[in-house]
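Quick notes on the structure that follows.
Which chain is which? They are A, B and C, in the order written, and residues in each are numbered from 1.
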Amino acid sequence: MDPVRNRVDGGPSGPRPRRRFSRRNIFIYGTLFVVAVYYLLPLYVMIVTSLKGMPEIRLGNIFSPPVEITFEPWVKAWAEACTGLNCDGLSRGFWNSVRITVPSVFLSIAVASVNGYALANWRFRGADIFFTILIFGAFIPYQVMLYPIVIILREIGLYGTLWGLVLVHTIFGMPILTLLFRNYFTSLPEELFKAARVDGAGFWGIYFRIMLPMSLPIFVVAIILQVTGIWNDFLFGVIYTKPDLYPMTVQLNNIVNSVQGVKEYNVNMAATLLTGLVPLVIYFISGKLFVRGIAAGAVKG
Amino acid sequence: MAQYPRPVQLFRNLNAKIAAIPMIVTAVVIFAGGTIWTVVYSFTNSKLLPRVKWVGLDQYERLWSTSRWLISIENLMIYGVCSLIFSLVIGFMLAALLDQKIRFENTFRSIFLFPFALSFIVTGLVWQWILNPDFGVQSVIRELGWESFSFDPLYNPNIVIYGILIAGLWQGTGLIMCLMLAGLRGIDEDVWKAARVDGIPVWKTYLFIIIPMMRPVFITTLVIIASGIVRVYDLVVAQTSGGPGIASEVPAKYVYDKMFLGQNLAQGFAGSTMMLLSVLIVLIPWAYLEFGGKKRV
Amino acid sequence: MESVSIRDVSLNFGAVRVLEKLNLDVMEGEFLVLLGPSGCGKSTLLNCIAGLLDVSDGQIIIKERNVTWQEPKDRGIGMVFQSYALYPQMTVEGNLSFGLKNQGMPRDQIRERIERAAKILQIEPLLARKPAQLSGGQRQRVAIGRALVRDVDVFLFDEPLSNLDAKLRSELRVEIKRLHQKLTNTMIYVTHDQIEALTLADRIAVMKGGVIQQLDEPHTIYNRPRNLFVAGFIGSPPMSFLDGEVMAKGNGFSFRLGEHEVPLAGYVAETELAPKQAAIFGVRPEHVEIHHEGDVPETALYPATVDLEEPMGADSLVWVSLGGHTLSARVDSSQRFRRGDKVRIGFNLSMASIFDQETEIRL
């Protein structure tokens, strides 16, 4: 028997037709596209401005692409831009930021991961109280803690030093990172921890031999979170260090917002881009992990 | 029954307790202790150095009669309310659009989120440049033929806070979108199927089913935005330095200036205590809703 | 000789009492199963024996050593977990040697131990693999091997089969039983699966509410449950319970079920029966005989009506009502019953149970 005979003649048959340019699709993609342009515009303006000469900037508009591409603003921003009397450019701030970020990231993650591990697996009496205070601390405005920390750092002789700032970053990174690690370690099967205890491993043995090797992804997330966070910090840098130790963000602000001299917008934008480059590179390389990091920061314990 | 006494509790899990010392010190000394110290010293007349000379509520009276503080509060209110509303609405709409099983979802998400990776200083400086009346948006539109067009928020005291708002939203909505998207993805697929079988229009499903289901996400997001708003400082410093005049001052900047530049510590303490108070007004009901209702074991 | 002794052990989490003055002796070489519904305290008890939880009161003695305050590693126990808890980043060999390395055992001795255990468990070809590359059965063997290499006195199993599908579960069950016969270590095994308990155990401890309800051989647990809970928990399809009363009849007793009277000749009473007791008559489906009306003489049995037939493959479960009571009977699937059929049923009284309605204890 001819199988077609079984179908209703002329009625719908097979896959439902879909139009590629339905009104719904035009609306969705159109909106997303417009919004995407809004988000990308400042990045574009930064790049374009930093590649123009000053005469071209004075004449043209900020959105037009450079007629004559020049890298001089970049060189100037890196090596010659002035803050006050110092004219050695942003490079000093860059290296300061590196010297601040590397130990801060290491120390804050080391401390917080052990904290999280102790909280997740070795619940001791009173731990929850301290943890609650810590999490509350994440929401308290930094401003109420700024001055007491100045006093403490001064007492232990670290005020105005690089290590003082490292300590501050470790302290303020602690709530979110501890939460991150605690949640992660809690999500690991508890039986692994029990098995390791039956096998005779102690606190540090389990941490280094069992937990650490299983947690590399969360460490990467934490590193991303901390590198971008500490690199982008301004407030702590300006309060707890001295001018010759200022991180890149502080120096950038001083260069661009200095009242002396003629404003060189192309140099300013090159300097701004240079400062934003480190977190941007990390962002675009890490992709999903960055999202996971900020989402982890948002989920509650 | 004390027939079989237990070992001394203090020395059980000793290593875990030693490892937790940094956390305990931070929580108790810095977070709790530091906060209390600041609140206490806001009742003194400390100037260059903290000292214990009680003046009662003097600092607060002076604070609330200072026009700079009042402008700061007003700015914070405008900025706070607008950025709450706009970032929630825009963030949710973008998340809903991205949730339509579209192509290039990752690309769009990356674009919306990348400003969040940047420093507030960078954001502030870029927008300072874009909003520059002589070269930026205003001049470009005037060149296009609309000679009387005027948009110079950074030089107009009346609208300067909105100029900061634009930059703040540019940087922050991506995060809200991400949180909302995670919330949308967390909703059971079957809810959508049920709504479709029942013939409920998509917008109604969002409004009456999905958004109520995402209440916890909204509340958490609200707390995150709110605690971020109170801290707004770097953005203002970079974009306007509080100007023109004192038109774009914010409390965090007031506090910093009094503490570290104005040699008027107690004023700073009083200002920061007010900031703390405003956060607690948001935080305590939230913590109560979140943790008070259900006993967690 | 006792291998593990639990003496008066109690455990409270705050105000919640999880274990209540529990006593239990496990003999040398015995396979003891702790059986009960979730939340009955069986896993908690196992964790207490392992030393992963501190008891609030009482003592735990393993091999005549009071280990109540000892760390897990010092108790002479090995543990096999539900998820097997193999360390994912280590090879099979790494998993087996981790405990020995922590003891500080010399290398060649470790290798010797691992070789021996691998031979017993037939996992020699797997030693270089990671846990992710192993099948369910292989993982179980490695998990057991981890306890084996440490030369422990007692093996503790925490529901090792409950994550697996039915087929694999029955395979691994047999493997555990074989292993026990080969090793002759004491084994304590926690499960909520009665089939596992009945097939594996030398003795079963049925637990509920942190208390051991009955501790006996599987056969006794099944046929002479000590109370209503054990009777209802063990057996699938479950025992039918019928309310009634025990009454004196002539020089014996009978059980009144509505208008019927079932003579209790043949019932093995736990204690002296007494008349006029509100009681519950319990009978397993396979101990109910059922016939179509007319197939048997009318006087012998009790008349009932069929409600429902549940075919289960080899046999069928027939639900009948008998004067307002509902009970089930198991019949060979060659016999067919339909709703509304008039039938006659009888009970195998030597296999029945009668419980006091108030104390729920077997009479």
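In this section, a residue touches a chain if its C-beta (ideal position, glycine included) is under 8 Å from a C-beta of that chain, and two chains touch if they have at least 3 such contacts.
Just so it is clear, the structure is predicted and the values come from calculations on it, not from any experiment.
If you tally contacting C-beta pairs for each pair of chains, A-B comes out on top. Taking the mean Cα position of each chain as its centre, C sits at the greatest distance from chain B.
Centroids of chain B and chain C (each the mean of its C-alpha atoms) stand 57 Å apart.
If you average the Cα atoms of chain A and of chain B, the two centres end up 16 Å apart.
Those residues of chain A whose C-beta lies close enough to touch chain C in the complex are 189, 191-192, 194-201, 205, 209-210, 213-214. Of all residues in chain A, only 28-29, 31-32, 35-36, 38-43, 45-46, 49, 57-58, 61-63, 111, 114-115, 117-119, 122, 124-125, 127, 130-131, 133-134, 136-149, 151-152, 170-171, 174, 178, 202-204, 228, 231-235, 239, 249-250, 252-253, 256-257, 265, 268-269, 272, 275-276, 279-280, 282-284, 287, 290-291, 294-295, 298-300 touch chain B in the complex they form.
Residue ranges of chain B in contact with chain A, taken from their complex: 9, 12-13, 15-17, 19-20, 22-24, 26-35, 37-39, 41, 50, 94, 97-98, 100, 102, 106, 108-123, 125-130, 132, 135-136, 139-140, 143, 170, 174-175, 178-179, 182, 220-221, 223-224, 227, 230-231, 233-234, 237-238, 241, 252, 255-256, 259-260, 265, 268-269, 271-273, 275-276, 279, 283, 287, 290.
Contacts from chain C toward chain A in the complex involve residues 47, 50-52, 71-73, 77-79, 81-89, 98-99, 102-103, 146, 150, 158.
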